[in-house]
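The next block holds one structure in the form of structure tokens; read it before the comments.
The chains carry the letters A, B, C and D, assigned in the order they are written, with residues numbered from 1 in each.
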Amino acid sequence: MKYLGIEPQKPKIAVFDFTGCEGCQLQLLNKEETLADFLSAVEIVCFREASSLCSDDYDIAIVEGAVSRNDEVKRLEKIRETAKVVVALGSCACFGGVNRLKNEFDLKAANKEVYGKDPKETINVRPVKDIIPVDIEIPGCPVSKAEVESLICHVVWDSPFQLPVYPVCVECKQRFTTCLFDIGQMCLGPITRAGCNAPCPAGGIGCWGCRGPAVEPNYKSFFAIVKEKGFSDIELKERLNFFGAFGEVNVS
Amino acid sequence: MLFKTIKKQDFFDVFLPDTQCIGPKKVGTNTNGKPIYQFLPFSSFDEIDLDYDTTEYSAKTYFLPYKETLSSFSFKDNDWTQEIKYRTRPRVIIGLHPCDINGLIKLDKVFEKTLFPNPYYITRRQNTFVVGIDCKEPCDGGFCSSVGANTVTHGFDLFLTDIGDRYFVKIGSDRAFNALQKIKTSEITKKDNEIYLQIRNKFEGSFEKTVHVENLPNLLDIEFESDVWRKWGEKCLSCGACAMVCPTCYCYGVTEHISMDFNKSDKIKQLYSCNLNDFAQVAGGHNFRPEPATRLKYRYYHQHRGFVESFGQPMCVGCNRCGRVCLAGINPTDVISDLQREQKR
Amino acid sequence: MKININVDVHHLTRVEGHGNIKIQVKDGEIKEARWDIVETPRFFEVMFKNKHYTTIGILAARICGICSISHCLCSIRATENAFKVTIPETAAKLRLLAKHGETLQSHLLHVLFLAAPDFFNEPSVLPLIEKKPEVIAIAARLKGLSNRLCDTVAGRTTHPVAFQVGGVTMVPQKRHLLGLRDELKRSLDDLQIVADLFSSFTLPNFIRETEFVSLKGEKEYPFIGGSLISSDGVEQKEQDYRPMTNEYVDKNNTSKWSKLSRESYAVGALARFNNNAQLIHPKAAEVAAKLGLKPVCHNPFMNNVAQLVECVHVVHEAIRLIDELVESDPGETMAKVTPKAGEGVGAVEAPRGILFHHYKYDKTGRILKANCVVPTTQNNANIHHDMKSLVNKFGLTKEMTDEKLELLCSMLVRSYDPCISCSVH
Amino acid sequence: MKKIMQSYDIRHETDMVEPLDFNRRSRLKDVDRCFKAEITNVIRLTDMEKLFQIRMVNDKDWERFTFLPGQFVMLELPGYGEIPISFSSSPSIRSTIELCIRKAGKVTQALHKAKRGAIVGLRGPFGTYFPMEPMKGNNILLIAGGLGLAPLRAPISFVIENRADFKEVHILYGAKDPSQLLFDYQYEEWHRIDDINLEVIVEQPDKSWIGPVGLITKLLDDIQITPDETYAIVCGPPIMFKFVCKRLSEMGVPMQRMFVSLERRMHCGVGKCCRCNIGSTYTCLDGPVFDFWTVMNLKEAI
């Protein structure tokens, strides 16, 4: 497509992984019906999980995973210097993800428990934006490939990228899921940003808030509802903390 | 209007073989042990339950789908062509209650009978054979009788009332008349009429909760700055669930999506809700309704004032689906009576 | 001329996670030949502590983005064993079906996207999009199918949403299952083409006597639960995984190592096949025969072939499962769960090999202590020793160059399909 | 068995392959088909605004495309989106239309990059218009703030073309600073036209600015009007027209003789998506042109 006389960009993309399960990177190789087009729309210059080549000449750095060791901080700083646009891919990169749960424990004791007398280097988990400025965030555990594709389209045509502002409930309703609160379970859908197509409520486990807060969520009312439905503060906190996406929201 | 009676068993022979059928299916049980129903496609009549009380979702999605491609553009040499497709596959919906059919009639007003008729809606509506059925008793919190939506005289092809072993049938279209030629029907007897009226009277007498909507257009203007909105607005999660399940809420947003090979783009309509944060936000970031309270108020304002102004009746059909779905416990009866109480004070 | 070789691979590519290869041959003598995991450790075993049993499957899935279904199922199984819960039959079938989807998806990803480029002498699949579009089309088709299978049954390919302690929470619609069945049937032709393609590749002829550990199939080729077996004759019950795995910490590695009868052992598709070949689907056995895979095979490069054979097996099995599922009434899919104090172990054959989760619960259903032993942890020591032996066999010839040896060693590591972020869970 | 129902296809009803004539009710079914139009010229006005001259690709589409000052089109940029834009040119020029567009977001940004020759889509014209005919024989005040000059250019052209029909004509225009003044190349021409009073004011002057400084209401201080014989058209941000109209009211101009143009988010242009509702009035159907009395009575309009 060459349209409006605008030349499409063929952005050079590099993918980097930090602490995480690499599931988000895997999504980049998913959605086979468009995979070939996706891969030819961009020039992937560095993608360790899929390719042996790597170059330091890239426009967009897609960063997956959280930071949990000092050498990762340095790697990130170098990426920021090179890339024009840094994209945080997935909940680990955006918020710290499940890795954040580690921060609740004493790292020395944890190390001893897992590695005995040969402790390994580790620091408290931090999201990418704590270390370097991030231009675009695509949250999700894992991210949705559709959103990644949309990002690429926006980059190629150089137009602004936007996540949905509304909460998961909208998408949940649009796929005819029975609200989990109706069947006695908890769900963070009303305060979580949509865009995932609400798989978790449909699967029966409720939303765990992996995509972080929607725009201006009504915490106060939501927390009151959760309590009224008979869930404890502990259960609520556990959910909010699970992906580390709700930061320091106060539940009471 | 033509009336007939049909044996229940015979009735089921009319449908299924060649058309997609949709009806109230049980999908689960809620915490109070009550069954949850949804309008879903079915392939045999044992899958549906026409004695259902209410469905979780309205049937509007079969007329106004949550997502729909309005048109597609294919690009070539700096130029493009536009392609528009409408759904034309016929479909039968069985078991709509009067509120749902009244909802359709209101949507007809917006999408068929205005300055700019909407072809997407019209094709879906024309291609759907609507079989309605009377409710046995008022559903939880339903206030259809207060907005005049508990009976229906048009907008359907067939309308059934359960009179024991038979259905009392209203025939609303010629295609329905033709469809009934295939099975054995009986003319209405005086006895049938009596039973029918008896059942209807009993039903109409069984409504408890009523709201008064007649004065709302005026009241809503007067109470524009009322604290009532703040009170309910504080609870509202701005989740849009109410609009999604509502049989008449129709507002939407349009976005365009370029395909990954950059040769095509789709213009996609997605039902939206006026309760969602950016509903009235314009370029540059200004939001005309920044607080949940202002958005919630607008939903009532549109349903009970704007719609009345345009069409002489409220948009709400009193099914209380929004009230049931709302986690924050916001329901029209409470909000409206709150407003009216405010007025009296 | 004296042989001097230096290979130093920092962050090996086309594997999941970060690992390094270091080989130094000086004057024809191996000074160093190492495979080390340097991935940042993640401390999941600590994160599990104090978590409620209802959240455990969701957290466990996040150990690995590729075999999330296995981790989730394994953790749920450990919990069910601890609470002594038996899941309904339909639930078990659906879980196995999802498991097959994952096996297919993971194996295909590895064989076609990560390993295959080596055989075409390409750095990645990207150039193949233009050079071998027919192969890529098949790869995309097959992978798409496996993803759809997982999506339909598990709710999502990566990080499933339909599995909970006690059973499954989502039953796929019949028409979706039937659609998948047709697709699965069609995919067999595609798999045949891939098998033919593989028969045209020459795999390095490298043999190192190895002990193989896997689940022991009783009546079926094993994937979820059962007893453990090693090709050296060791047998254990599921809950006695510790004497089977014997994890220990190596100071150079953030992943642990393990051993059994020898200095190391191997798990994975090859191990499963070696230990259970008699149970594999006859059609898969045909493919195995055609590609020259016979138990007990000690060539680690043949793991790719074993994966392909398993792909054929799981497609046939998935078709059979779907047939059974659509014919019967689903009935109840969740068993009643009452938390109890106690311990439980789950063993599941993840695509890359046997996986264990072991939890100790308090009476409220919160975890007191957790331990996970993952496939790549078990393979790492074996890769390390394989590499030494590989360098010994091929590395000390005059024709060998740094590049050639680097490729050979990288291919060795890749053939194990290591999942490194998993191994530093 | 015979089918219960025949499938219904709206396209069989009338020939739907051509874009509809939005001003004729009989053809209003295919509301999403757009006229194809070509950008023939792009004129840079300021850093943020450009003027696009647009021509129909098919000549016969002109016959069906007539608009009135104050109406708007839905401008479709396939792949990017569709936006409402007011006509900024004279309705009587039957060869090109002009749209003055500010770079504001996704669609407008793309448009600003577009080159001459690009093909866009037009749906419309939609909406209400300034009642130019009834205004004839009166004094007329044309007041714009900022981008408001864009929609005001259509009535200005009308007035200029029919100068004899109006009594006194004042064009008052205010902007933040001189760099943001639109159509400055036309002021000279407007000045020279017989008996039009053009006044331009800025809030923040630069060194070369010699005109008046301040808010637009200041310009009204120097104007003498006979309220009963005066109409006003006021375009600009809500805050601006609110003050101007209040001032005019004080001067005695009836509120029903002041016209303003409102802006809301619009996704359809035809009264369906509800995004433009004010209270519950559709800006796209009942607006964008409203008299000030109506605006005052619309909840949340300003």
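Just so we're on the same page, a contact is a pair of C-beta atoms (placed from the backbone, for glycine too) under 8 Å apart; a residue touches a chain by one contact, two chains touch by 3 or more.
Bear in mind that the values here come from a model prediction, so they are computed numbers and not experimental data.
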Chain pair showing more contacts of the two, A-B and A-C: A-C
Per-chain Cα centre nearest the global Cα centre, belonging to chain: A
Most remote chain, CA-based centroid, reference being chain A: D
Mean-CA-position distance for chain C and chain B (Å): 50
Separation of chain A from chain B, taking each centre as the mean of its C-alpha atoms, in whole Å: 37
Distance between the centres, which are taken as Cα means, of chain C and chain A, whole angstrom: 25
Geometric centre distance via CA averages, chain D-chain C, whole Å: 64
Where chain B touches two or more other chains at once, by residue number: 75, 78, 80, 258
In chain D, residues with contacts to at least two other chains: 78-80, 105, 117-118
Residue list for chain A, restricted to those that touch at least two other chains: 1, 3-5, 157
Contacting chain pairs - touch in the sense defined above: A-B, A-C, A-D, B-D
Complex interface listing, chain A residues touching chain C: 17-27, 29-33, 35-36, 39-40, 44, 47-54, 68-69, 72, 97-99, 101-102, 105, 110-111, 113-118, 120, 122, 141-142, 199-200, 202-205, 208, 235, 238, 242
Of chain B, residues touching chain A in the complex: 27-31, 36, 38, 40, 56-57, 66-67, 75, 77-78, 80, 234-241, 244-245, 257-263, 270-271, 273, 276-278, 292, 325, 327-329
Chain A-facing residues of chain D, complex: 77-80, 105-106, 109-111, 113-118
Chain C residues within the chain A interface of the complex: 11, 13-18, 40-43, 45-47, 49, 51-52, 55, 58-59, 62-66, 68, 109, 113-114, 117, 123-126, 129, 133, 136, 140-141, 143-144, 147, 154-162, 164, 169-170, 249-251, 254, 256, 410, 421-422
Sites on chain B touched by chain D in the complex: 14-15, 17-19, 70-71, 73, 75, 78-80, 82, 84, 86, 88-90, 92, 110-111, 114-119, 122-123, 126-127, 129, 175, 178-179, 182, 221, 224, 250-256, 258, 265, 267, 272, 274, 279-284, 288-289, 294, 298, 301-302, 305-307, 309
